[in-house]
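There's a structure below that I have some questions on.
Going by the order they are written in, the chains are A, B, C, D, E and F; count residues from 1 in each one.
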Amino acid sequence: MSIVRTNIPRADRAAVDRLANSGVATVHEAQGRTGLLAPSMRPIYAGARIAGTAVTVSVPPCDNWMIHVAVEQCRDGDVLVVAPTSYSDAGYFGELLGTTLQARGVRGLVIDAGVRDVRDLTAMAFPVWSKVISAQGTVKATLGSVNVPVICAGALVHPGDVIVADDDGVCVVPHTHAAEVAEAAAVREAKEAKARERLKAGELGLDIYAMREKLASLGLEYQDGQAEA
Amino acid sequence: MSIVRTNIPRADRAAVDRLANSGVATVHEAQGRTGLLAPSMRPIYAGARIAGTAVTVSVPPCDNWMIHVAVEQCRDGDVLVVAPTSYSDAGYFGELLGTTLQARGVRGLVIDAGVRDVRDLTAMAFPVWSKVISAQGTVKATLGSVNVPVICAGALVHPGDVIVADDDGVCVVPHTHAAEVAEAAAVREAKEAKARERLKAGELGLDIYAMREKLASLGLEYQDGQAEA
Amino acid sequence: MSIVRTNIPRADRAAVDRLANSGVATVHEAQGRTGLLAPSMRPIYAGARIAGTAVTVSVPPCDNWMIHVAVEQCRDGDVLVVAPTSYSDAGYFGELLGTTLQARGVRGLVIDAGVRDVRDLTAMAFPVWSKVISAQGTVKATLGSVNVPVICAGALVHPGDVIVADDDGVCVVPHTHAAEVAEAAAVREAKEAKARERLKAGELGLDIYAMREKLASLGLEYQDGQAEA
Amino acid sequence: MSIVRTNIPRADRAAVDRLANSGVATVHEAQGRTGLLAPSMRPIYAGARIAGTAVTVSVPPCDNWMIHVAVEQCRDGDVLVVAPTSYSDAGYFGELLGTTLQARGVRGLVIDAGVRDVRDLTAMAFPVWSKVISAQGTVKATLGSVNVPVICAGALVHPGDVIVADDDGVCVVPHTHAAEVAEAAAVREAKEAKARERLKAGELGLDIYAMREKLASLGLEYQDGQAEA
Amino acid sequence: MSIVRTNIPRADRAAVDRLANSGVATVHEAQGRTGLLAPSMRPIYAGARIAGTAVTVSVPPCDNWMIHVAVEQCRDGDVLVVAPTSYSDAGYFGELLGTTLQARGVRGLVIDAGVRDVRDLTAMAFPVWSKVISAQGTVKATLGSVNVPVICAGALVHPGDVIVADDDGVCVVPHTHAAEVAEAAAVREAKEAKARERLKAGELGLDIYAMREKLASLGLEYQDGQAEA
Amino acid sequence: MSIVRTNIPRADRAAVDRLANSGVATVHEAQGRTGLLAPSMRPIYAGARIAGTAVTVSVPPCDNWMIHVAVEQCRDGDVLVVAPTSYSDAGYFGELLGTTLQARGVRGLVIDAGVRDVRDLTAMAFPVWSKVISAQGTVKATLGSVNVPVICAGALVHPGDVIVADDDGVCVVPHTHAAEVAEAAAVREAKEAKARERLKAGELGLDIYAMREKLASLGLEYQDGQAEA
């Protein structure tokens, strides 16, 4: 029952890089408000914005052995995604694992558990999104699996899917949809750029998006606040 | 039942600006330890310290339509206060809404729900205090109200009240008490400035505040820790 | 029942300083994965790394009077450890108390409750690890004790024990073990330094730690992910 | 600043009793989905369904003195509503306070904090809705107020308002709206009774509420699940 | 993107009923400690033990419209499984929906959100496992899907899978494995029955499971507690 | 570092049984409001009220092996107290372990983690206080210790101490204080019995405890609520 899938198909690199530029909120909207991991997943430092192809790891609670196994399956451009089979806030990952991943070109870690050595990881600019920061050590006693589908922070991640992560959180894009979602995100950004200019100039969303009539038809009423004051 | 109150009375600008200088902890003490929002309200970046007059929005869960309506009611010096009618951790607010508010001179956002685009909002220096950071999108389907009293993070906020917010959290001052509380805060600060100098010089609070006698009368005892060691 | 133990024995200063250099994760491992406080204890700003000898305070909920009493017992090189007798998220500690502790050479505060004035404390470089940031004021009405054993965030702390704290959290080292743990931590660091170089050079933990055989003996299987794709 | 308002106006008894019969979910809907306290408020035993007029108490954290003061203000048909001024999970209320309230005809307690002696309170059939069950004792040191507006579990309660509570939670009805909401609740119940009979007989909500056309117009599609299986 | 899959394949009824008899803890172990939903899923009353075939519903936050659509897809022996696309603690389900499901032979509801009318549902003996009890109403405005794979409380559920639920929580068994897992569960139960008799007779697990030698080999030591006392 | 202390000194049986009769809230007060475990510890069924002598177990996260070791150390009149060395919500304990403990006369289990088979444990009348109910299985891979001091739900428990548990939670009494605390609890109960009769007869706590003068001296004011209405 414990397997390591090697040589997995991965999403197209160009699409991955376009998704990184768009960021989590835009990508999440562009694929129909799906794929978002729970907001409990927070970055250990502000400012990182990445996308990469998922190498997934299903780990037992409080046991990080399989992360060492997973490292070998990681390539340049990947993001490691770690999901315990039951709740754990132990510190599965630290600076030594960050060093080995960074040496392989891995872009970051997403883990629905704890991370430690965050000062060192920050200094190395190796970004991590985790549920908690915890120095609690783990053991190396029980097997798990690498590159199987995992549920990470409430979202289903298949190996090779695109992981987009920034200060807003983490989003997964199925690897077969990467190009399509990247395109939809770009369209959305262009539209937002236009709205931004109008808003900066003082126009209102009520007018830009033509909301007034619909609001009135639903019964929204305006009252003068000084009259009653 | 869905109304927008326009042209609301607002607290006096001079008092508002004095309250900003005092900060949340001092203002909270100066008005008798009232008005604090729950400590779940956290800033998206460190270092902002603001005060402004509240424009309040009561929104349905996972629906941000009324925020667009509220924008039009905002003026220079306001703070937008958003409270869902039931629990939501969706991302009601992002960089485009920040842009339109900033264009109107709004000083910040306080929302008992989620916010997204925090990297952009930080770059724009538009401060937000929220319960969570979440990219989860909202819909625009159901009405709410603007400038009605709302309960935000456990505190009652009336439109026009003063919102003070900094790294310690958020506090509301009833708009009729703004000047009085600003004065009490200033008195408190002057007193603290004197204590600070004495403490820096090595005096003890036990002596400055004359606590020893009362502590002894209540039965506090001192024992030599080496004796038993 | 309310006592202040004065003149407590403290862990050896040289050992304390060595432990500060090792940091929380290493110290926690070096003493057999014990002594960690709950991960709910977070620093108010990033980057501080300290160790010091514990002056402990047992306080009633929402009452900070005994902290003033404890200040007098603090010496250069101490860390103040505050534990309420029942849950409280009030703001027991602010900038004035930080000023008086800093004037005495105290290295930081660990409190299983709330702290306020975090902007000022950050500016002063007085580090605090707390459960929450809260401006909520406390009273000065009920006694507690100073330099008695306390349970702080799930860990037992005796006065004079070593407190190590950094961005990963907080760890306590019994004061009689300080030198021994410092030595074990140094050994561990030397070992990690060697592994780090090999990992940077592209070697795998699987090989460095000779894990492959044991993994295979437990039944780990490799499958080609393209075969089934 | 600490006051006790005596002899408060109370909602009409007949309306109160009608609201008790309708229960929380129906009353909440009947007044436009407002007035619900947070779902963290849970009954200490199953099966109680009450309504009564609120006597409100604003209490300091971990201090139950004002509950003793409030008892004297309670009359037959009241419900005591207790809200701490900041978070507390202490056990403010036990069997002796339940005895004195029951002797005055009080119908139950709603408290955004802890309760204890729950075995005795259950045996007495004195219902309590609380955030937590906790034996943690409180002190009697600081004043608060009785019969002032309080925010309890996120809802604003004025003295004299109607509190409706059952296994679904707690709802507040402004005392001036009691009769009107009771009537709307009765109308709603009659409508639900008709729907219930049709549903029992096997009709579908899709047909009873004529939803099919609207669903189709929004694009809902049906696919045969065996075709693809 | 909103679809209803009709006529889905379902797990074999005989296997389903065997799984109900085994209960959640045994089934979870029998399929290799997989399939458990998060322990936040709790029954609204004690004592129910069911298994059934999943009809799944993916619902928007705070919108229960698709549950009405799903009812029509339910048959005798099913369990309805409801998963919001983002966090919600609203009360999606009450007694009228329970009535219509019970009329169709549905065995229970599993919902990663709120439920209301729990007194009525208990009286009807319609079991529900939910994250929260909440009277908060929902809207009927946005589409979702029926009989698509959903992630419910951290577990992936496909339509037609077996849902086992009792006082210990909820477990999902892939519908293709139902018979195999039922058999493994029966084997486990037989083995446990033998152990139970020996334990009742006073034998120790240490001996029955032959643990002593392995414990000693790992270094477990026994010390006389009176010697040091 | 893994030890089992055998033959530990235990608190006096007569004192233990007196403490059981007093219950948690009274015992907690009688020993000066100390010894209470966190209110997260809840009974799996209502109505049990026990006291017993603690056999303590320090267990690794998600590993229940040491509970089997601890069983052998249990005697008639004991209560098993299980504390993981870091957070775990796994189901460490089920009906088979309950059977073996009950066969030895053990009165109940207190565990700062998960329990399963709660239907069976309830039917057996074997009471358990736990943080969570969870079917999640554990492993048997790592040693821990039996009859060492543990911190369980925030309270320090030594082997042989008295554990008192009922519907209000769990309290620990140091075994050397058992008789003294039992006596203080009895005194308290006698006093409460007198107050109860007076309260039932309609007297007020304000008068019984002579609170009025002190309240007035602190500035409590009474206002007629009809005057302003």
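The definition used in the following text is that a contact is a pair of C-beta atoms (placed from the backbone, for glycine too) under 8 Å apart; a residue touches a chain by one contact, two chains touch by 3 or more.
Remember, predicted model here, so these are calculated numbers, not experimental data.
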Chains touching both subunit D and subunit E: B, F
Separation of subunit D from subunit F, taking each centre as the mean of its C-alpha atoms, in whole Å: 30
Whole-Å gap between the CA centroids of subunit B and subunit E: 43
Distance from subunit F to subunit B - Cα centre to Cα centre, in angstrom: 40
Residue list for subunit A, restricted to those that touch at least two other chains: 33, 36, 86-87, 89, 136
Touch-based graph of the chains, sorted into line, ring, star, complete or other: other
Full enumeration of touching chain pairs: A-B, A-C, A-E, A-F, B-C, B-D, B-E, C-D, C-F, D-E, D-F, E-F
Subunit A partner contacts - residues on subunit F that touch it in the complex: 60-62, 86-90, 136, 139, 141-142
Touching residues on subunit C, where the partner in the complex is subunit F: 1, 32-34, 36, 38, 85-87, 149, 151, 154-156
Footprint of subunit D on subunit F - complex, ascending: 23-25, 28-29, 33, 36, 39, 42, 46-47, 49, 166-169, 171, 192, 195-196, 199-202, 204-206, 209, 211, 215, 218-226, 229
Interfacial residue positions of subunit B with respect to subunit A in the complex: 2-9, 45, 65, 68-69, 71-72, 89, 91, 94-97, 99-100, 103-104, 114, 116-119, 122, 132-137, 140, 143, 147, 159
